[in-house]
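One structure is given below, encoded as structure tokens.
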Amino acid sequence: MPGSSFGEMFRITTFGESHGPEVGVVIDGVPAGLYLSKDDIQFELLFRRPGRQYVTGRREKDEPEIVSGIYNGRTTGAPIAIIVKNSDVISSLYEEIRYKPRPGHADLPYIMKYGYENWDYRGGGRASARETVSRVAAGAVAKKLLMLTDTVIGGHLKSLGPIELNEDVTFEEILCSKYSPVRASKKWLEEKFEELIKQATVEGDSWGGIAEIVVKNPPSGLGEPVFDKLKADLAKAILSIPAVTGFEYGLGFKAGRMRGSEANDEIIVKDGRLRWKNNTSGGILGGLSNGEDIILRCAFKPTSSIRKPQKTVDLRTYEETTISVIGRHDPAVAIRGVSVAEAMVALVLVDHAMRTGYIPTVKLTEEQAKIIEERWRRYVELCKPMQGSQ
Amino acid sequence: MPGSSFGEMFRITTFGESHGPEVGVVIDGVPAGLYLSKDDIQFELLFRRPGRQYVTGRREKDEPEIVSGIYNGRTTGAPIAIIVKNSDVISSLYEEIRYKPRPGHADLPYIMKYGYENWDYRGGGRASARETVSRVAAGAVAKKLLMLTDTVIGGHLKSLGPIELNEDVTFEEILCSKYSPVRASKKWLEEKFEELIKQATVEGDSWGGIAEIVVKNPPSGLGEPVFDKLKADLAKAILSIPAVTGFEYGLGFKAGRMRGSEANDEIIVKDGRLRWKNNTSGGILGGLSNGEDIILRCAFKPTSSIRKPQKTVDLRTYEETTISVIGRHDPAVAIRGVSVAEAMVALVLVDHAMRTGYIPTVKLTEEQAKIIEERWRRYVELCKPMQGSQ
Amino acid sequence: MPGSSFGEMFRITTFGESHGPEVGVVIDGVPAGLYLSKDDIQFELLFRRPGRQYVTGRREKDEPEIVSGIYNGRTTGAPIAIIVKNSDVISSLYEEIRYKPRPGHADLPYIMKYGYENWDYRGGGRASARETVSRVAAGAVAKKLLMLTDTVIGGHLKSLGPIELNEDVTFEEILCSKYSPVRASKKWLEEKFEELIKQATVEGDSWGGIAEIVVKNPPSGLGEPVFDKLKADLAKAILSIPAVTGFEYGLGFKAGRMRGSEANDEIIVKDGRLRWKNNTSGGILGGLSNGEDIILRCAFKPTSSIRKPQKTVDLRTYEETTISVIGRHDPAVAIRGVSVAEAMVALVLVDHAMRTGYIPTVKLTEEQAKIIEERWRRYVELCKPMQGSQ
Amino acid sequence: MPGSSFGEMFRITTFGESHGPEVGVVIDGVPAGLYLSKDDIQFELLFRRPGRQYVTGRREKDEPEIVSGIYNGRTTGAPIAIIVKNSDVISSLYEEIRYKPRPGHADLPYIMKYGYENWDYRGGGRASARETVSRVAAGAVAKKLLMLTDTVIGGHLKSLGPIELNEDVTFEEILCSKYSPVRASKKWLEEKFEELIKQATVEGDSWGGIAEIVVKNPPSGLGEPVFDKLKADLAKAILSIPAVTGFEYGLGFKAGRMRGSEANDEIIVKDGRLRWKNNTSGGILGGLSNGEDIILRCAFKPTSSIRKPQKTVDLRTYEETTISVIGRHDPAVAIRGVSVAEAMVALVLVDHAMRTGYIPTVKLTEEQAKIIEERWRRYVELCKPMQGSQ
């Protein structure tokens, strides 16, 4: 099986290269009756858009077009195709890498797999972060559908390089990080992150970071034993993102150093409902969502395309050489990666919510469509710049 | 879609509960012509078997029966069904949990999903570690097929609770850890792990641990952009294992704290072949295997079933109560988890090797079958107790 | 992808050879809470059982065992594995075909695909009609679940060789044909079919036949445009049955010779509901079920294993030879084929009913479980021998 | 699972409505290195194009654009997206059907499934034959890849209404039928078909027809027991085409009326190879291709949209009314259906050839790419107007 599709009931298929005419996604499995406009898509695309401060210099308007599946502003049950034109492409910047695969980049593995002669070196082709536009566009539709179960997904950058957030953060702060140019959830953190980024830019270097995604109010019982556990599908979704090198949920790797009596979480009764006291399992137990907030983290390695000269090999001569990558690249892919991680989480949750029966697969009632629309408006409003932020 | 199947070209479907008559697996997609005996399966089952020292007191012989797909000692191309009888089942031990869901365990989420009246509480049903017998049995077949590309998979326990291995380890040591009762790769480490385990047993507690899996000599180019990246499918495979709470490969979470100039790995020429100098990316770059050893780690939380009393709720009264789990449980699931993680990695690799064309999907030539058999014998011999081990 | 699984939400995986220890099926995706006993399975197996008059001489009790997925007589949501032992196997009857592939049989194509050395010639291996036991067992579970939408599936033999039923048949007659040894829906037809069969047996020959399947009261809207149309998935299901060479629904091939003004079916209002007047489209329009009875037919070729000598080639010498097949074979596979076709239709319908949301994917309410049980009892009673039949 | 995707290894996903801006297809799984131009696609689109004589009056240029997956005229291994703009859309013709569902058409079933308010009535939306543009475009790529095994697919109209071809037809004649405006393989047949069509047009009526598809030189061993038999996947592919009501291969329904001794096909040795004497099984035995030509037929019902007034119901009043469909519709969908059936057969064969290992999944060698290109040129030349045809 080829690998351009994701999901079972809510299934996306992406296409398009960084330097081709467009990138796009076909979303199959959206029930009929959902109100959907290009503004809904654009809202989410805004936050992964290049051209924001501190991310790649490439300036794309990233205006989505919905070319199928909509009639009178609502979905029809037919597949929804969304395309985004590639408008600001400068392929000449890539001439040097034609023969000098970039360390830490997909260049050489792609050549090994598909053959040098078939390698679209301009902008990284499918391995480019540009591909993630399709994911975020589809993620917007998934997030909107999840309004039916009143489930909201937020993400923020928990650490950038050596700087880490170690205090509590509210879900509101997380949502507001969307407007932070460095996806920080606190003003002081934003400043520290910005400083780090500026310094990296000056040095022609980059930083890794760790994103945290929080899902408020997920339905319980999502996940299918024994292989399609919710944690398993989330891990796949997250690891499918370029530059992600690790995934954990709840206590994560810390659990590997703990005793059972510490890691286990007491079951309690709260408001007449069975709940868990400390949510140490990050909302997933036995591979199933348990109704508590889902909390997961992922590590993004530093951008591999850096200006600082690095050793590589010239493919024509097999001699050692150096490369200084002068394309327009983010100093930390983790920043925009937060949006992509949110989108992937949304895709997994909506898929499982449909598998489980929480979200209808064929059509929404008029009432459901309206509830979704209303909650979506509220969500868009909740995502606002934090005080004092840009 | 239900979740009892895994893989695309090499596809397994598992069934059976902890306290039912048997657990089993159907393996579909094994090419014809492979020599396969129940001894091959048994060899791998041996190392996840309960009843070894320091793992659960349950004593199963775990003798596999191959009930289809074999003719004259070789596979026919038909699905291979393997069953293992459940011989040492004491359901009475589970009477207490019937109304007291165990903290940290799948009990309550299963009840939430499937209904209390349909909950097979005896031994955890499908959520029991017993289910992993099927995975290890199928993994044995996968490992054997991978001999065709001369790819070998080894695993060991890198840390247990606070004790961590911080020195280099050879692949031979890793293979020998199979015979260590605590999956340690060094004698001194084995002793420290054992001490920890004994203490936990005394205290009625358990420990988490971190397993490391190393794949020697994988083919390059495994993984399908953009969603079925090798790292993504490995992450799903690993997170589908009970008790796993995190996954990382290569630098993993450390990469999230590094600069690009540190994390990137120089491309070099070695023996006329393009290689990577430090393998910081753990054998996977751009989501594809790059021909270097694949290195990944996963965290196992501590066994949630412990003797130490824990707070929970009585489902009949919704009142607070405590539970002291007296079933026979491992003091650290991570120990047996190593075998399961190896198996899951094997399943992913053989699947991708078939998708990519390295391993034939329909039948092996006589020569291929013999090469596999020969290498398998060598592998079985390589796995031997380390000097001084039990 | 290998081919031993069928279905998306209600997914079956079959295993086992004609002359192995057992045949079996794993059913994944059955919601929790369904009452299910081996008697339910046995009821349907009864009608495809060898050893009935006029079908193969092989005498199997065909007693199903449910080895997983059931607790206290109800499904738990876990995969259900059902096995049936092979008890009456005489492999010696197959010695001759070892080197003489039977004309019209899968022998030679299997050898071409999997290699002569891997060919399990005894009883046809997986190509044997014995494999369909698994389908009928799974079909019983599917039929039972379909009781939730009050949907009942019946089948009968519409023609055998040159003898065809050309008069109207009631659904009750169709259900009663289950007890007819030749699956006839009328007494006079039964007699004619029996005569034909006796004559074929005497002559060492066999007959083809055409089965008709009728689905009473299917939900509307089943089928997923544009590739998983209901008619498409039914066609695949039916053509996956050994010996089936054609499929049609509604007017079928006749529509290919008609005018639009003849073939189109008037839309009318009946009892306040939109209906179709003549159901020329056999319950499926635009690829979707439209709420009318689903009517489809399929052709079974004559049993290829016949006593009459046929020309073939000796694989050892590549010389012409003849073969007279002396195994125990049906004089018309179409007879038992009716049960298999019913089962395949049930599998498709339940799968689509789950995809569409008519049948829950996770668990049944107590009320739903009871409705199903009650309707199942009624269905079992409705299936009774027709007056004067054996 | 939604239904807009088809295939496992060579996987297509289609999108777009009849009266939307474009229709398109994403093809995932095309190996790198294939020479592919829009002319290759256009060649096949030419023969299903509306605006040819006797087919719908709608005049589309149907110029395909390849928007991803190609670099320097060759495939890269990335998904290939092909779009075709909808240029000649007159939605006003559809105002009448807005409240009057057409008999024999998908209108009412779509309303039942997705809700009246979400029904894109203009031009039939996804249920329009326009959707098959995507299939034929993808089929062109599949056909090209099949050149690697020297496999060529041809189709013709075997009967139209009461007129049937009952004499032998050569594969060359079949290929030349592409240029016949009525897909006839003989000059005399063309004339008879044309007469029938003209008369139907005058009368505001339409005709059904039966298409035959022949696959020359398929590899043996295609098909995966037991559910993904080649015949099963072909049946699904063919029945997924709008208006198809039946499928048969080899003797087809005739086999249902025959004796085993007639229907069975002798195995012979020819040119040192094991062959079948009469190919009564149409190239598929035991569900696997056996190396003989694959021969299948399918019935297309008559176009349901006809000018002749038909009874239906007004959805606003639930009163009886009549409709005379005045859109531009084919007098026999079977004519253009031949191209679509060829495409679907190509999709199935290339998918199975990749599953079986005949066609590489990742990349073609330079030599393979050249062989394909050469054979494709030859094929294009072989398809030429028959003498005396238009």
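Observations on the structure shown:
Letters A, B, C and D mark the chains in the order given here, with residues in each chain numbered from 1 onward.
The rule we apply is simple: a residue touches a chain if its C-beta (ideal position, glycine included) is under 8 Å from a C-beta of that chain, and two chains touch if they have at least 3 such contacts.
Being a predicted model, the structure only gives us computed values, none of them experimental.
Of the two chain pairs considered here, C-D and B-D, the higher C-beta contact count falls to C-D. Among the remaining chains, C is positioned farthest from chain A, on the basis of C-alpha centroids.
Centre-to-centre, using mean CA coordinates, chain A is 39 Å away from chain D. We define each chain's centre as the mean of its Cα atoms; on that basis chain C and chain D are separated by 28 Å. Spacing of chain B relative to chain D, judged by their CA centroids, is 46 angstrom. Among the residues of chain A, those touching two or more other chains are numbered 1-5, 8-9, 14, 77-78, 113, 126, 221, 225, 355-356, 361-362. Those residues of chain A whose C-beta lies close enough to touch chain D in the complex are 1-5, 8-11, 13-17, 20-24, 26, 28-29, 32-33, 67-69, 71, 74-81, 113-115, 117-120, 125-126, 361-363, 366. Contact residues of chain B toward chain A in the complex are 1-6, 8-9, 14, 101, 103-110, 112-113, 126-127, 131, 159, 161-162, 200, 205-210, 220-221, 223-229, 231-240, 242, 244-269, 272, 274, 280-281, 285-291, 299-306, 308, 310-313, 318-320, 334, 355-356. Those residues of chain D that touch chain B in the complex are listed here as 1, 8-9, 77-78, 221, 225, 355-357, 360-362.
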